[in-house]
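As written, the chain order gives the labels A, B and C, with residue 1 at the start of each chain.
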Amino acid sequence: MITKPHIEIRNLNTFYEHQQPALVNVNLTIPRNQVTVIMGPSGCGKTTLLKTFNRFLELTDGTRIAGEVLIDGVNIYDPDQDVTEIRKKTGLLAQRPYMLPMSIYENVAYGLRIHGIKRGRELDLAVRHYLEIAGLWDEVKDRLHAPATRLSIGQQQRVCLARGLAVEPEILLGDEPTSALDPISAAHIEARLLELKKDYTIVVVTHTLRQAKRLADYVIFMYMGEVVEAGHARQVFEDPQQERTRGYLSGQF
Amino acid sequence: MTAGTPSLPLSQRLFPRRKHDSTGSKVLLVLTVIPVLLLLAITMALVIKALPLLKDHSLVSLLSGTEWKPMKGLFGFLPFIMSTIWVTLLALVIAVPPSILTAIYLAEYAGKTLRSVMKPILDLLAAIPSVIYGVWGMVVIVPWVQGRVLPLANRLPDGFSLLKTSNPTGFGILSGSIVLAVMVAPFIIAVTNEVLTAVPQGIRQASLAVGATRFQTICRVLVPSTLPGIFASVVLGFSRALGETMAVLMVVGNVVQMPGSILDAAYPLPALIANNYGEMMSIPQYDSALMGAALLLLTMVLILNITSTLILRRLMGRVRRAW
Amino acid sequence: MVRSWHFKPRHVAETVAKFFMLLSFLIVAASLLSILWTVLSRGLPALSWEMISQTPKGGYYLGKEGGILNAIIGSLLLAGGGTLVALVISLPIALFLETYVMKTRWARYVRLTLDILWGIPSIVYGAFAFTLMLAMGLRASMLGGIIVLALLEIPIMTRAMDEVIRLMPEELSQASLAVGASKLETAIRVTVRQMLPGIVTATLLAFGRGIGDAASVLYTAGYTDRIPTSLSSPTASLPLAIYFQLGTPYPEVQQRAYASALVLTLIVLIVSLGSRLVSARLGRFINR
């Protein structure tokens, strides 16, 4: 059905503390160079699912993960895998933009420095390039060395985008990336995501149906930790196969 | 919640409220003056009692004099000042690296279980009275220094003057510093830990998300942004170490001399005050000199304390006292 | 490919750093265990019913028989009295800081002063109180000890209460004010009642600090082999019993020091655990 899978999830189960399951038997494929939207009512496990793609789930105390997540055919939970390389491959836009306590420039250059790029000229070019991609260059080019926290929250989210892209990931994860933003900034981010899908595989969690419809090429609907329905956006939105999906789309949850 | 809410008619019958409130406030306002007055009173009392000493001696000669012979009217504070500095600095050298590493470990690596076990342990360590640390020093540390460290130091070639001493007992700067180090460690750990945990989780995740290791996140993000707080925690530990009396007094040897090695005996300011207070009445100006010592100690502690408190307030809004 | 990433420099750095952190942690934990072990291994053999039920006997000050009852009772009286006096003064200050002047500049100054007072070495409190007593013609006595411990405990207690009261949801006092109660009534009827566990925690904390302090009572409370009979009699205390008796060359007398150390540690431990329990209950209460 999906011709070019980028991420494959096989028999994934996760548990929080006290054995309380968060994801139940998830089997999925996520297509390359498209926007996949994960939607569902709050608490349904969509953020949990997203966090298994960059192994952020293990940052929470007491979580257990069983099953496989394959990126380009390699199981990222294999003990031989280097977790930092996986995270380098998967950029993250969090719900709220968190600026590292440094300048705008250093925020974008951070990942490059982490991965060993030290030459000033190379950094300068990269910072400019990715700020341009994030659509922020013109707004900040005169104050690159000002603290990043002085920017508006919408601008900060675009710094996050530039920071994530700078380490050249293949996959871009968004965890309700516009929920803290004003409508104009949100539209800005959405426009970026749609532009970026030609080069990146994008997975976005959202709690608003309208955003899902605007962004999605491919849709995953989750409920109570299970994947209820997954498929191409047009098909899921226009002709849902499952009762619960129909209920959600008609606003019953 | 409802139990605490006064019923309106009854309270109106019992108290004429407006009047009650204003007189009540005044009484309470007066009470808040007490701490401020106490601080002023302590400082003033020490200054007034110490002043007579300045009649016959210049401040410079007091602070730089090395002779302490109260019977002859010689009051040189330098040996005590130097002792205090030696003991405190060495204690910090011993305490700071492991304390900060422990705090980082607890905040960034340790699981929930270890953290929840460690918190009461740190509270307990901070609650143990200093005499108990003194007992531990006399029973464990002094014999260890005498039996293990001294023979080793004696075999060292010349040139290691910092480790050479004629003091054959284990009582000395090193013992005092070890005991002090263990005493201030919980403070440094607790404050550093608190400063680190105050950093939002999202900032760590922002760093991890681009593929940084935890250690890179610590070195490049967490430590630089919390450096003032970590510094303040060390200063706080420093000021506590400076004034610590009993534990040090019991193991430091109490010999008036200019220390030249970490194995020499020393005589810090608090020990001077504690050891001589009772007999000061018979010798002229002796009480002034001891009050002067207390004033000196107070000044040093105040400077460090105010600095660290202000830094921490700036950083975290306010200082939370967890101990 | 297999496990090759372990040899990347940044992963090696992480492993090395983690090793040193764990090592530091173990050193800190081992020191604590060593202290507790010392107190237990020396104190337990010395502890007996005679030890805690008798005053020192067999000669003044360095007698080789009897126990440490004088120090136990003295310490409880001194710390109990000091804590009581401190409570009477601290509670209104803490309430006032919270109810009336929460965010004013004056409250900030008072808090800063309290923090500074908290950090002043106890030997300085001792020296100050002794000077005061000389000026008033008082001799080393239980009253002197109680006063100096109260002074020492006021900043601890006030700040601890202050912190607890701040945790109280603001709506609570606003609910009271909203029905027309005055600020003072709110403070007395709502805040005090709601904050009882916090007040208990702060009091226990201050008591623990007071009972363990030696330097402040050294010349203000004095030392004696007898059980005090009035506020003006000199009063022994556990910390000083440890300090004086450990320094003697007689093993029998040193036994009393070890017993005192164990008793003092147990008291502090119980107080510390007690305040933990109360604040754990308080935490539940706040979350509800």
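Note that a residue touches a chain if its C-beta (ideal position, glycine included) is under 8 Å from a C-beta of that chain, and two chains touch if they have at least 3 such contacts.
This structure is a prediction, so every number in the text was calculated from the model and none was measured.
Q: Count the smallest number of chain-to-chain hops linking subunit A with subunit B, moving only between touching chains.
A: So the least number of steps between the two chains is 1.
Q: Whose C-alpha centre lies nearest the centre of all protein C-alpha atoms?
A: Chain nearest the centroid of all protein C-alpha atoms: B.
Q: So, what's the distance in Å between the C-alpha centres of subunit B and subunit A?
A: 48
Q: Measuring from the mean C-alpha position of subunit B to the mean C-alpha position of subunit C, what distance in angstrom results?
A: Once rounded, the distance between the two centres reads 16 Å.
Q: Where the centres are mean C-alpha positions, what is the separation of subunit A from subunit C, in Å?
A: Computed value for the inter-centroid distance: 51 Å.
Q: Counting only residues that touch at least 2 other chains, which ones in subunit C make the list?
A: 10-11, in rising order.
Q: Going by the touch rule set out above, which residues of subunit B reach two or more other chains?
A: 213, 216
Q: At least two partner chains per residue is the criterion; list those residues in subunit A.
A: 84-85
Q: Please give the residue numbers of subunit A that touch subunit B in the complex, ascending.
A: 54, 56, 59, 61-62, 84-88, 90-92, 94, 96, 98-101, 110-111, 113-115, 160, 163-164, 166-167
Q: Which part of subunit B faces subunit C closely enough to touch in the complex?
A: 1, 3-6, 8, 11, 15, 17-18, 20-21, 24-25, 27-29, 31-32, 34-36, 38-39, 41-42, 45-46, 49, 97-99, 101-102, 104-106, 109-110, 120-121, 123-125, 127-136, 138-140, 182, 185, 189, 213-216, 218, 236, 239-240, 242-246, 250, 270, 273-274, 277-278, 290-291, 294, 297-298, 301-302, 305-306, 309, 318-321
Q: Give the list of subunit C residues in touch with subunit B in this complex.
A: 10-11, 13-14, 17-18, 20-25, 27-29, 31-32, 34-35, 38-39, 42, 89, 92-93, 95-97, 100-101, 106-107, 109-128, 130-132, 151, 154-155, 158-160, 163, 172, 175-176, 179-185, 189-190, 193-194, 208-209, 211-215, 218-219, 239, 242-243, 246-247, 257-258, 261, 264-265, 268-269, 271-273, 276
Q: Give the list of subunit B residues in touch with subunit A in this complex.
A: Interface residues on the subunit B side: 111-112, 200, 202-203, 205-213, 216, 220-221, 224-225.
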